[in-house]
C-alpha cells in the first residue's frame, strides 16, 4: 500500500488493531447499508467489551445482533433497538448498557465528532429522559440541551462504490449513517461492492472524500431485507 | 405555481418581499458560484440597510461589491474582504459594519442555522479577537468558543442545474457556500444555468434537496474570473 | 361512532396543503398517504434519508437498498432526493418539514407528548420521534382517545417518559379533533355521532368546549 | 546565506510523507507543491471545497467554476473530490488534514501565531486561517526570520492580533528551522552558511541552542 491506495486484501487486515474495549461506530439503518462482513469479522475475531455506536443493533442472526450471543458488546448508543430477543434479555438483565439516543442527535453527534465540533445544542430531547444530566440552555426563548460529539477508535462503513483512494459513493437509502460514521473513526474501514480506479468517479458525485477512509475492501453482500413490503404489479 | 414547482419567471418575482434592513445570506466564494443576477436585482431594486452574510464581498464592479456605492449594505459577516476600494473606505469610515468571521465558522454557522442547531463550540478563534465577548469552554482539556447559528430573511444561491422542484446540483468549486446558504434562508431563492423536469436528476446525485428552495429562476451568467492563472500547454 | 383508523387518516389528510413536505410516522399516520386529495401534491419525507417516498415496490422493483423509516421496502417518487441521516435530521430539526403526523401513548394540556417508552415493558427507543417533535412547528398526533380499558390518553400531565415537551398543539383521536393552547384542550370537532359528553368523559385534562362543536365531515 | 523562497519551500517539502493530505496557504507555502519528492504522492486540499487540486489549467482548460482558495483557476488531480465549504472545514477542523503550511507575521514561544491583521493597515480578514491553525495537529509556519528593518518575527509574545493560540510548533524561516516547545524556541537546523549567532541575534523570544546545529541539506 503506497500513496493513497487504501485497498486491503482481507477482512482480517481490514480490522487489524481492533482490540477489546474499543469504541466502534457503525453505519447502517436497520439492516440497510450495514457493513455486514466487517461485523461478521468482529464476531470471528471475538473482540469483547466493545462500545458500539449505531442507529440499531441488527436482528438475532444478522448485523450487529451476531455480536450479542458471545457478549462482545458492553455498551451501545442507538436510537431504536430490541428487534431481537437476546438484546432485550441482556438489556433487562443489565449485562448490556443501552444509551438510547434520538436518531437525529446520534447522526449529529457522529458528524460533530468528525468535524471537530466538541458539542452542540439541540432542542431534541429537552424535557425528556434524554436531557437527564445534560446542560439546559435557552436561546431566543427556546429550550435546548447540550449534546457532545462522538468519535470511535474504529468506524465500520458500507458504501456502494469506491475508487482505490477511498472516495465513496453510496446507493439509495443505504447511505443513511454511513457518511457520518466514516468521518468519526480514528481508523475508518469501508467495505464496498465495487472498487474502481481513481479518476473514474466524478469529483462532483463523490459522497465521502477519501481523506476519511483508511482501509477499503471489496465484499459480497447478503443485503437482508427486514420488512419485505410489496404492492401487486 | 402549484405543487412543488418552484420556478418563477422574473428576477423581480424572485426577490419579491425583500425589504430594507433584512438579512441576506449569499452563496459564493470570491466571484465563483455567486448569484450574480440576484445581486444585480438587489442593486436595481435599491433595497437598503441590508445585513449580508457572505464569505466575500465581491469586487468594485461585480458581485456584492455593486451594492456598496449606494450604501445598500449596512453590515456584513465575511471571512475575507477588501478586494475593492469602496469597501475599504466604508469600513474605515465606519459606514459599513464588518464582522470578520473565520471561513469554517461562517460555513458552520449557516449550516447550523438551517439545521436547527442554535449554537456550537469550536476551537477556531479561541484566544483571538474573534473570541471577544463569546463564551469560552474546555472539553477534554482543549479550549473552545461558543458560536451561534445564522439564518437569513432571504438566502440567494447559485446552482448549476435544478429540476422544477428545486432539487439542486452544483458544479465544481462553484458549490462552496451555496448548499449551506440554501438551508438558512426563510425564503431561499436560487438561480441556475439549466432547469430540467423532475425525475431527470438522479436522487443519489442531488446536492441540495428541493425542500430548502422556495423560488427558482434560470439565468445567464458572466462568471467573471478573479485570478486567471494558466500554465503553458 | 368512533372513527376507524382509515377515517382518522382521512381526517388528517384534510390538513394537508398543496406543496407540503410531510413526515408520516408508523401506523395510522402512514395511512394518511392514501387520502391525499385529488389535484394536490405532497412529498413524503422518510427520516432515514429520503425525500419523495413512493409507493411500495412490485416484486420486480424490490431493492434492499431502498427502504423507509419503518424499514419497509419502498420506491422513489418523481423528483425524489436521497441524503444521509445528518442531512435528514438537519431538515427535520431545522423546521423545513411542513407537517409531521405521529402516534402517541399520551398527550397533556401543556402540549407534552409521551410516545416511545413504557418503563419495564416497551423500551425499544425513540428512533427519530424526539427530533421530529422538537423540530416541527406543525404536528398532528393521532391516537385513540382512551385505552381499551377506558383510560383517557389526554391528560393533565403525561405519566410516561416524555418524547417532547410543549410541542404538540393538534390531536386527532378516534373521537375528536382537539387543539392544545393556554394549558387546556380545546374541542374543535367531534367524530360523526359522538357526543360532546362522551368526549368530555374520556378526556382527563381540562377540556374547553365551545358552544358549537361541528361533526367532522368526510367526502 | 538566507534561504530563497524556493529553498524554504524545498525544505518544507522534506517534511512531506507519502499519502499526506496537505493544505498549502498562499505565498511560499504554495511553492511546496513544486518540490514533492519523486515517487511520493501527496494530495492538496483547497479550503473552498476541493481535495486533489491539480496544476494550473491551460488556456483551453480554464473553467470559472474551478478555482482554489487563492481564487486562482486550477484543475483537478486524479482522484479528486469536490464538496461544500461546511464539509471542507469539517475536514480541516476535525483534524483530517495531515499537514498545513501557512505564512505568518509573527509567532511566539507559546506557539501563538499572528498572520491576518495589522490594525489600521491590513484588515482583509482571516479567511480560513483560523480554522486551519485550530484544526491541524501538524502545522509548519513559513516566514522570513525578521522584517526588512531587522526586527525579529519570533517573539516572546506576539504583538499583532492572534490567528491562533498555542497551536504552532514548527517554523521554517529563511535562516532556520525552529521547533516550539516548553515555551521556548528550539533551533533545529540552520540555513547553509548562516551562523548560530546570526539566528540568535534575530530571534527575540528565548532560543534554546543545542550543541550541534546541522545545516539544512538540499538535494
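Residue numbering begins at 1 within each chain, and the chains themselves are lettered A, B, C and D in the order written.
Keep this in mind: a residue touches a chain if its C-beta (ideal position, glycine included) is under 8 Å from a C-beta of that chain, and two chains touch if they have at least 3 such contacts.
Just so it is clear, the structure is predicted and the values come from calculations on it, not from any experiment.
Taking B-D and A-D together, the pair of chains sharing more C-beta contacts is B-D.
Rounded to whole angstrom, the centroid-to-centroid distance between chain A and chain B, based on C-alpha atoms, equals 32 Å. Chain B and chain D have Cα centroids separated by 29 Å. Distance from the chain B centre to the chain C centre is 35 Å, each centre being the mean of its Cα atoms.
Shown for chain A are the residues in touch with two or more other chains, namely 108, 111, 115-117, 122-123, 170-172, 175, 203-204.
Touching of two or more other chains is recorded for residues 50, 76, 82-83, 89, 92-93, 134-135 of chain C. Checking each pair of chains for touch leaves A-B, A-C, A-D, B-C, B-D. Residues 108, 112, 115-123, 139-140, 142, 144, 148, 169-172, 175, 203-205 of chain B touch chain A in their complex.
Those residues of chain B that touch chain D in the shared complex are 29-33, 55, 78-82, 91, 98, 100, 102-108, 110-111, 122-130, 143, 160, 170-180, 207, 223-233.
Within the complex formed with chain A, the chain D residues making contact are 18-19, 21, 40-41, 43, 45, 50-52, 76, 78-83, 87, 89-97, 134-135. Within the complex formed with chain C, the chain B residues making contact are 2-4, 111, 113-117, 163-165, 167, 183, 198-199, 201, 203-204, 206, 209-212. Interface residues of chain D, counted against chain B in their complex, comprise 46-50, 55-60, 62-68, 70-74, 76, 82-86, 88-89, 92-93, 112, 117, 123-131, 134-135, 161-166.
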